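Heads up, the next two complexes both have chain A, just with different partners, chain B and then chain C.
The block that comes next holds the complex of A and B.
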């Protein structure tokens, strides 16, 4: 017996003419979990959502919900409900009739379905607006009406297409908390498409990072954020500095890397089975770095030096950006008390260092030496 | 300061002048003439009398004309509404390419590239006693005698009206239908609506303004017509306007004016009734 609400995609491909929007995807989403499909626009995440919802048919592959193939079924047969990006509330119906719409389609009598709609509106605290028209509601209220309309028939899976993108920052934070609370209360599977990294890791149990029709990483939010498997994910999620080096030597527990600019990085060998000549990408969290104002170039490994090019005060920390060794920005987050004790200015020469234990290897971008130590990687 | 106050009036002036010259003034003239007296061999005699209205409202023939006009209006309205809705529906929701939709839309206007008379006369070779339809039916053995009511009958009148006026229904319905957010249709399907339920619960309510506007066009066009009904019924049917036309022919201007005022009042009432049901302002302001 498969847990109800499990969504599983096997080898799903979707092409529009010559364009492949989704390319051979395998993904399993646990029943009753909150999954975020995350990626830049055009990466295929909305297409996946629409295929699960039954508004788009895969070119090939299999989609199962609760262990049953749903290809060819209507959304209602699938037990899914979708919340549309612009909410798609019916402008000619009151809030109450919008929420009751699914029940009306099932043929439920007016009195009954209105009573049920009142109950559902109660859950999103909008009962007092039941007789309003959608155009008279604020964005946040419309969003809650759309949520109530989608969940009134207790679907197994709720599909949310960029549900928060039309809201302002403040409401977005409030509503994402509400979505998570609703998901816990209902205990059903939520699949939420977004292009906002912080939104995804804030609400999801499973974050699926996508790029160009492929899944690049699907794991728990803390793994996607702190332990990305590729430079793409590390850069896309933010909060990380990505560096590159060629393996010089492997001595005991220490792998020594040398960057194109001649910097030496040391990495714990437990993370990687590397041989001399391999190209390795590594990431260091911005908040796991130590910034010091200094003109001297230190002798110990695991540091970069550079000029400060931007300083942004963020409240609990200060974001300091340097011109980086490989012409990419290197960012260090300095706790605000520390920064206030030792201020730096734009143009100052600084050294940023980190502990070898804080280095994370981007395993998917590890290139073995047979492809040549000087191979330039596209990232 | 003073000249600045004038500017809004100046801006409104062109339309006000046009409306005054071509709507208010003629209407006032008709209204004035409708209470004049008509004297045989003399013509108009200024007076203030309601006898023209009395004559119209007590005339049994006139009631027949009103009934006949209303009958044509109701039938034509029903047929053009159904046709207009489905043609617009097809163009908006089933033709995927915008270019083809615009092309088909233009095809709908092709009849309007010729004059009214040619459009009506062209039915004759098709529907006449020895026309295409009758000949085909006789030759294929379906009937022995030509069907006479095909031409010069109420059927022909309705057919011509539908032919002439369906476009006036298609355009406003197309206009309001094209503005329906396609995600609403998807949301309805997601909620379990069948195709018919989508049409009935989502598309029809959201096209109400277009249907209302089209109805106003068709009602006013049919109710004010005397030409189509005269030509296509072969003189067998008449309309209120034919009554007016007849009075004009015998130079009874006061009665013609009074009849026009009564007809105008009825058309305005019907249009007001339609506009009460649908809020056309929504359509005009978007």
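The block that comes next holds the complex of A and C.
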């Protein structure tokens, strides 16, 4: 018996003419969980959502909901409901009639469907606006009406296409909390498409990071953020510095790497089974670094030196950006009290160092030395 | 900007031009309106003597003013039928043209071509074609088609503009909420584009109601109102002609007022419906 609301995609491909928007994707989303599809625009995340919703048909592959194939079914038969990016509230109907629309299509009597719509509007605290027209509501209120309209018949799966993108910053934070609360209350599967990293990790149980029609990582938010498996995910999620080196030696518990610029990095061998000559990508969290103003080049490994090119005060920490020698920016987050004790200025020469234990290996980008020429991944 | 700045001389030139334009536009209409209240002994020109409703009465009496009542009784149903046909065809075509299909742009330009064709030429063409086919020309057949060739391009252009601005998400939302295609059309698409449909109706009605060139050779033995009025200018020499002009203009204004009023009401309702 498959748990109700489980969404599973098997080998799903969608092509538009010669363009492949979604390329052979396998994904299982647990019933009653909150899943975020995350990626830059054009990565295929909305196409996946629309295929689950029944607004697009896969070119090939299988989509199941609660263990049943839903290909060829209407959204109502699938038990899905979609919340559109523009909300698509019908401008000629009152809030109440918008929410009751699905019941009207089912042929429910007017009195009965209006009572049910009032009940649903109560859940989003908008019952007092039931007789308003959509154009009279604020963005946040329209979004809650769209939510109420989508959930009125208790769908198994709610699909949300960039639900917060039309709202201002303050409302966005408020509404994402409300979406999460609603999801827990209803206990149904939410699939939420977004291009905002912090939004995804704030609400989701499962974050699916996509790039160019492929899933690059699907895991819990803390894993996607702190333990990315590839340089792409590390850079896309932010909060990480990505470095690259060639394995020089493996001695006891220490793997020694050398970057193209001659910097030496040491990594704990427990994380990686590498041999000399392998190309390894690694990431270091911005907040797991030590910044020091110094003109001297230290002799110990695990550091970069460079000139400060930008300083941004962020409240609890200060974001210091340096031009690392490989022309990629390297960012260090310095706690505010520490920064105030030892200020740096733009143009200062600094050394940023880290502990070997804080280095994370980007396993998907590990290239064995015999695997031929290194493929530089797109950033 | 200085508050008491002197107006440039161009202001006075343009103001004069505009005043002349307004006089030219409304002067004749107002003169005819006033002269239609001419007394029974008055003539076709000013002064107005013993004003009253005499000539309005004469319009519908059995005087020698021509068959105004009969012509109106043909023009009104014709204009209404043209209006309905224009709306139905324009909306259907507008929906079809939202998706590009093979030959869609050729079809589009073909439909617009009749805008460029002189109305009298088209009238002759239809007459010739009907005679060739051995069909009699009638106001409800040949004139109906001739009027559609004039109203449809306008209707199509309006509906294309309106429907291209319609967010496809509305139809997807309706499908998502379990609406059938017919329910989506009648309960979502048509109500949302209703102001556009009213605009198309207005064009369909008024363009047919006062159409002369395309009616000229196509109405057959029984005239429509514009043809009847034209005929009267050559035979009738009484202010009844002015009374007729006033009555038909009032009907046109009523149609426009009704259309604009209902569009305004719909938009007002969508913005400002009172809450409890």
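As a convention for this text, the second predicted complex is superposed on the first by the 370 of 379 C-alpha atoms of A that agree within 3 Å, B and C clash if a C-alpha of one lies under 4 Å from a C-alpha of the other, contacts with A are read in each partner's own complex, and residues count from 1 in each chain.
Keep this in mind: contacts are C-beta pairs under 8 Å (C-beta built on N, C-alpha and C of every residue); 3 or more make two chains touch, one makes a residue touch a chain.
Quantities reported herein were computed from a predicted structural model and do not represent experimental measurements.
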TODO: Have a look at chain B and chain C on chain A after the superposition and call it: clash or fit.
DONE: clash
- [ ] Based on the superposed arrangement, let me know which partner A:94 touches: chain B (first), chain C (second), both, or neither?
- [x] second
Open item on the list: Is A:84 touching anything from chain B or chain C once the two structures are fitted on A? First, second, both or neither.
Closed with: both
TODO: Going by the touch definition up top, name the partner, chain B or chain C, that contacts more of chain A.
DONE: C
- [ ] Figure out whether A:102 sits in contact with chain B (first) or chain C (second), or with both, or with neither.
- [x] both
- [ ] May I ask you to decide whether A:74 touches chain B, chain C, both, or neither, giving the answer as first, second, both or neither?
- [x] both
Open item on the list: Quick one: is A:299 in contact with chain B, with chain C, with both, or with neither? Answer first, second, both or neither.
Closed with: neither
TODO: Could you say whether A:316 touches chain B, chain C, both of them, or neither, answering first, second, both or neither?
DONE: neither
Open item on the list: Tell me the contact category for A:136 with respect to chain B and chain C: first, second, both or neither.
Closed with: second
Open item on the list: Looking at A:55, would you say it contacts chain B, chain C, both, or neither? Reply first, second, both or neither.
Closed with: both
Open item on the list: Can you give me the overlap between the chain B contact set and the chain C contact set on chain A?
Closed with: 53-55, 74-76, 80-82, 84-86, 88, 90-92, 101-102, 104-106, 149
Task: Touch list for chain A against partner chain C, complex - done: 53-55, 74-76, 80-82, 84-86, 88, 90-92, 94, 101-102, 104-106, 128-129, 131-133, 135-136, 149-150
Task: chain B - residues contacting chain A, complex - done: 181, 183-184, 186-193, 197, 201-202, 205-206, 208
TODO: Flag every residue of chain C that touches chain A in the complex, lowest number first.
DONE: 167, 169-170, 172-180, 183, 187-188, 191-192, 194, 266, 269-276
Task: In the complex with chain B, residue positions of chain A that touch it - done: 53-55, 74-76, 80-82, 84-86, 88, 90-92, 101-102, 104-106, 149
